[in-house]
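Across the two complexes that follow, chain A remains constant while its partner is chain B and subsequently chain C.
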Partner chain A sequence: MYRQKYIFLLPGLLVLVAVILFPLIFTIRVSFSSWDVYNPGLNNAGGAMYARLWDDSRYWEALWRLSLLSLSTVLIQYVLGFALALLVWRDIAARRFLRVLFLVPMMTTPVVMSVIWRTIFHESLGPLNPILEALGIGAQPWLSQATHAFAAVMIVEIWQWTPFMFLLLLAGLLSLPSEPFLAARVDGAGPVRTFLSVTFPMMGAISVGAILIRAIEASKIMETVYVLTSGGPGTATETVSYYIYIRGMRDFQIGYAAALSLTYLVIMAVALTLIAKALIRLMVREARA
Partner chain B sequence: MAEIRLQELAHAYAPGAPHALKPLDMTWRDGGTYALLGPSGCGKSTMLNIISGLLHPSEGRVLFDGQDVTRLGAGQRNIAQVFQVPVIYRSMTVGQNLAFPLVCRGGPTPRIRQRVEAIAERLGLTPLLKRPANALTADQKQLVSLGRGLVREDVAAILLDEPLTVIDPQMKFELRRILKEINAEFRVTMVLVTHDQTEAMTFAEEVIVMNHGEVVQAGRPRDLFERPATTHVGHFIGSPAMNFLPALAVAGRAVVPGTGLSLPLPDGLPTDGLVLGFRPEHARLSGASGTMQGRVARLWFEGLDEIVALSHPAGEVRLRAPAGLGLAPGDTAAFTLRDTALRLYRNGRLVA
Partner chain C sequence: MRTLYLALKYLAVTLWSGFVIFPFLWMLTTSFKTANGVTGGATWLPWLQYQPSLGGWQSLFGGAGGVNIVRPYLNSLVVTLSGSAIALILGTLAAYGLSRFSFRAGPIRNGDITFFFISQRIMPPIVLAIPFFLMLRWLGLLDSLPGLILIYVALLMPIAVWVMVDFFNTIPRGLDEMAWMDGCPPVTTFLRVILPNVMPGLVVAGMFCLIFGWNDFFFAFTLTFTKTQLLPVSIVALNSSVTPWWALSAAAIVSVAPLAVLAFVVERFLSRGGLAGAVR
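Right after this comes the complex of A and B.
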């Protein structure tokens, strides 16, 4: 009965298979081979690639670095974005202009902006160090020292993606009902208490959403690192995706890169799920009610 | 608790814009119950928000017990307000919700707890104190909102902005009863904003009818029912609405042509725009002849009563009659009406 229904499902299924299932299954297969420059092709290497990965400290360091980088930048983006959204939420002069202004960084191309930021950070030619010197802070080795380079990547990430947080949180704020705020005023709550007791709890669900979307995006940081520092100095700013790029595309160790990618995929899926659960527990109070 | 006085109060939302609330003077007795009644957009919520301090009036003053509070913010006025949508602080328990106004003002914790427990006891919320407020039903949430007002001992008045609109009919009755009890017990001034005339008439000692930003009539429910100041009030209050028929001046009397409805015209009154009105409740069906005769157009069942719509060349009138008279659409019927039940209006305003 109605056997022709499968005909209508077929296009969607084909796309699913071609776009998601085939590459995934192929990657799994490749990860069990030792496909590289010298031995191209699918052979059977068993779990050799995974054993090698287990001992690859550069990979685990990149993973740890990525966690630090993404969690800290997303957190700062959230705080800044929330603050900016609160700033232009109520009727203030020129809020339309400010709303557009805050969105400009998000509209720019990451690679282009990374190039511009690299120029800004340039230790002898860039504009930043002369400004810092004028302020009495002194020139900083922005891209040549490990901690500074890490901070530089963070700054660019925060600059680029805070507008996204701002946009989502502003939309959330604008959708809030006005009565609780009126009630808080009648009850005599000041601005801080109103924020903590009214605004923030009501923004819980949308905050979790915004943070998760950014966390998923941030776990793939690649172009900023590539353009700004190329993972350097040394491996000080090397993230997982950049390391996989080096192994797969530069060294052409296809089998090993596949194993790295899969491990990365699983770790990220588990980690983001746990983060989501934790955030919901922490920020969305009514979920428990 | 306080007497609330509105002095030459008026409000326009922007300079030069038309008044959302036209200039008015009014005094609300300490401990009284008042209802602001009117259609949506008539300015009743504007008035309420001015009293609670959420809105600063563009003209005039608000006095609590003779003290000018016009420029004070909502938090400094000791006013409690219950909104149409039940407002609860979602992240808190019922107990924390009730304590919130006291916590905001500071004070010893044991005192706050004692007060919260007393109010919860009064409102029947004691078993729910530890529950998350978000998990309550709409009417319980509305009780919590009310409780947040009552918990402050110094509260000058409780303003209720259509608080029963989203409540189930059954619970509406219950909540209205609780409100009346609270008023009697705490002697706290209560002002109810509503567009439901039954709610206003049953709740308040004095009803203030508003239309287009203006107070049309203020008085006891019986006065509004018996002597509506305008045809608008007559339409708005009472179910079914008051009957109005255009009248002509004939030999010093206002007469509805083709009927026995007539009233003497006061001296010197211009004779255009005359209307005679009467309540459906005051007419008595009287068989074939009477003050006015017409054809039965429609009938509505209303329990012990029946609403009969009579059509007549002068217009359609509705009567409230005991059910079971055996009338059917198309029948001819007549009714009698005492002159004392007739009201004369000119250009929509009560004359006699």
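Right after this comes the complex of A and C.
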């Protein structure tokens, strides 16, 4: 009878190995060739592509920019998502409707909404600058100045993905037992005290999970950048994925792009593992205290 | 104190709701504009501020300044639905196997196999784009629906496994064993006894497959050219230097509407505690 267990596992596993693992191993081979438009195919270039990326300052700048962009947006998403989840957790009117409304942005296609956001950020015809002028802040050169463009990408990412953080944290809040809250009320704890010593510690493990999932997704950012700014002005908003896209799919430097993407994968895996370890130590220990 | 607290609470909810709705209202009003309405600056109210027209909506079926999105829309539907369905079936089977039986190959155990499935979500799309491109070219499936479906199945299956393993783990193993002792073979047990108990999980997993499938742009963009175009690709193609904002907005609305509506339909499944288990 236990022979039949392979019927369940094997089909999925085989698809994954054939479609993802096998091509990935092939990429390792490609990264040791100088495959490009002029020399298509697998030749032997040794570590030439890796030597080239070591000196490629545009790559390292993109990596630094990506870290800044993803860490800051994920942090803001966590704070906002947690606040929103707390707001619609209990006693509020129309909470079922609000819960779904807050989820809607993550259901929408990121590139399609980015196209719409691009019209919103339009300096003379978009609706954002008139609002800012009415508020006395004044019109901003949203997509033509480096810092503004960076902020624009952040705003779109926050709009799109705070809902995902909200969803995971709300699910966590809804699964909490009610006894500790009763105990806190009996002890006469106010809302702030209850949050700090009951809610937040109990949400430690879920918070770590939610932050990590978002950090993984944020480390891939490229579609928003492609549509909103095309990495510009200059390279001010270029992320690693977008730079590899330019080298690989536009310049067709397949060998170099393979080396870039494998390096990127390793750096991301290591960085995310370290972040995971740090977060677990920081937040899950609090849960036990 | 209590009134102040309540006022702040509702103020915060209103502000965020406004932020969430803002782009939707903007694209709704823009979709009824003409060239004059757009170049006249940012306006919101039809008739009062600009003369509305149905031009943007008509251009969805082809014609001046727009692009016919009927074909890309159908392509997107076919790829998303079949990709999600196959991914959900394979992923659910694998998740059940991993939750009920023990597998080992050398040092590799169940936990490692589960991690292998889920870890695929860590992979940045760009890392896979080049090997996918070469593989589909080798198979002769570049720029075709079957090629895209194959890729989507591999991309979506980890989501299904991730959600379903936890749902299966919450169901006591005694249930399976009882059915086996009654002489029910594992496959029948799975279909008749276990599957009906994990329906909420299937809804959540299916929803996530649909979201990530329907919303993918990058693979549809890099693995197709002209013959097989998916919806997000055809909408982004409108995003040129002289953008017909009205056509763009109308297309954006029909593109994001199905999942937004679905969100309200499956609401009670989405915010249930089941997902919290998956996060841990």
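Keep in mind that, in the parts below, the second predicted complex is superposed on the first by the 270 of 289 C-alpha atoms of A that agree within 3 Å, B and C clash if a C-alpha of one lies under 4 Å from a C-alpha of the other, contacts with A are read in each partner's own complex, and residues count from 1 in each chain.
We take it that a contact is a pair of C-beta atoms (placed from the backbone, for glycine too) under 8 Å apart; a residue touches a chain by one contact, two chains touch by 3 or more.
Here the structure is a predicted model, which means the values were calculated and not measured.
Asker: If chain A is used to align the two complexes, do chain B and chain C fit next to each other or clash?
Answerer: After superposition on chain A, chain B vs chain C: fit, no clash.
Asker: Given Cα centres, how many degrees, to the nearest 10, is the angle at chain A formed with chain B and chain C?
Answerer: Taking chain A as the apex, chain B and chain C sit 80 degrees apart.
Asker: Under the stated touch criterion, which partner chain does A:48 make contact with: chain B (first), chain C (second), both, or neither?
Answerer: In the superposition, A:48 touches no partner, neither chain B nor chain C.
Asker: Is A:108 contacted by the first partner chain B, the second partner chain C, both or neither?
Answerer: second
Asker: Which of the two partners, first being chain B and second being chain C, lies in contact with A:187: first, second, both, or neither?
Answerer: first
Asker: Applying the touch criterion given at the start, work out whether A:172 contacts chain B, chain C, both or neither, answering first, second, both or neither.
Answerer: It touches chain C, and chain B stays clear.
Asker: Going by the touch definition up top, name the partner, chain B or chain C, that contacts more of chain A.
Answerer: Counted on chain A, the partner with more touching residues turns out to be C.
Asker: Classify the contacts of A:71 with the two partner chains as first (chain B alone), second (chain C alone), both, or neither.
Answerer: Neither chain B nor chain C is touched by A:71.
Asker: After the superposition on A, what does A:119 contact: first (chain B), second (chain C), both or neither?
Answerer: After superposing on A, A:119 lies in contact with chain C but is clear of chain B.
Asker: State whether A:280 touches chain B only (first), chain C only (second), both chains, or neither.
Answerer: Touch partners of A:280: none, neither chain B nor chain C.
Asker: After the superposition, pull out the minimum Cα separation from chain B to chain C in whole angstrom, please.
Answerer: The answer for the closest chain B-chain C C-alpha pair is 13 Å.
Asker: Go through chain A and flag every residue that touches chain B in one model and chain C in the other.
Answerer: none
Asker: Chain A touches which residues of chain C in the complex?
Answerer: Interface residues on the chain C side: 5, 9-10, 12-13, 16-17, 19-23, 26-27, 30, 38-39, 41-42, 44, 90-91, 93-94, 96-98, 100-101, 103, 113, 116-117, 120-135, 150-151, 153-154, 157-158, 161, 180, 185-187, 190, 211, 214-215, 217-218, 222, 231-232, 235-236, 238-239, 243, 245, 248-249, 251-252, 255-256, 259-260, 262-264, 267, 270-277, 279-280.
Asker: In their complex, what parts of chain A are in touch with chain B?
Answerer: 177, 179-180, 182-190, 193, 197-198, 200-202, 204, 285-286, 288-289
Asker: In the complex of these two chains, what residues of chain A are touching chain C?
Answerer: Listed in rising order, the residues of chain A that touch chain C are 1-2, 4-9, 11-13, 15-16, 19-20, 23-24, 26-27, 30, 80, 83-84, 87-88, 92, 96, 98-113, 115-120, 124-127, 129-130, 159, 167-168, 170-172, 174-175, 191, 205-206, 209-210, 213, 216, 219-220, 222-223, 227, 240-241, 244-245, 248-249, 254, 257-258, 261-262, 264-265, 268-269, 272.
Asker: Mind listing the chain B positions that touch chain A in their complex?
Answerer: Going by the criterion above, the answer is residues 52-54, 73-76, 79-81, 83-85, 87, 89-92, 100-101, 104-105, 132, 134-135, 145, 148.
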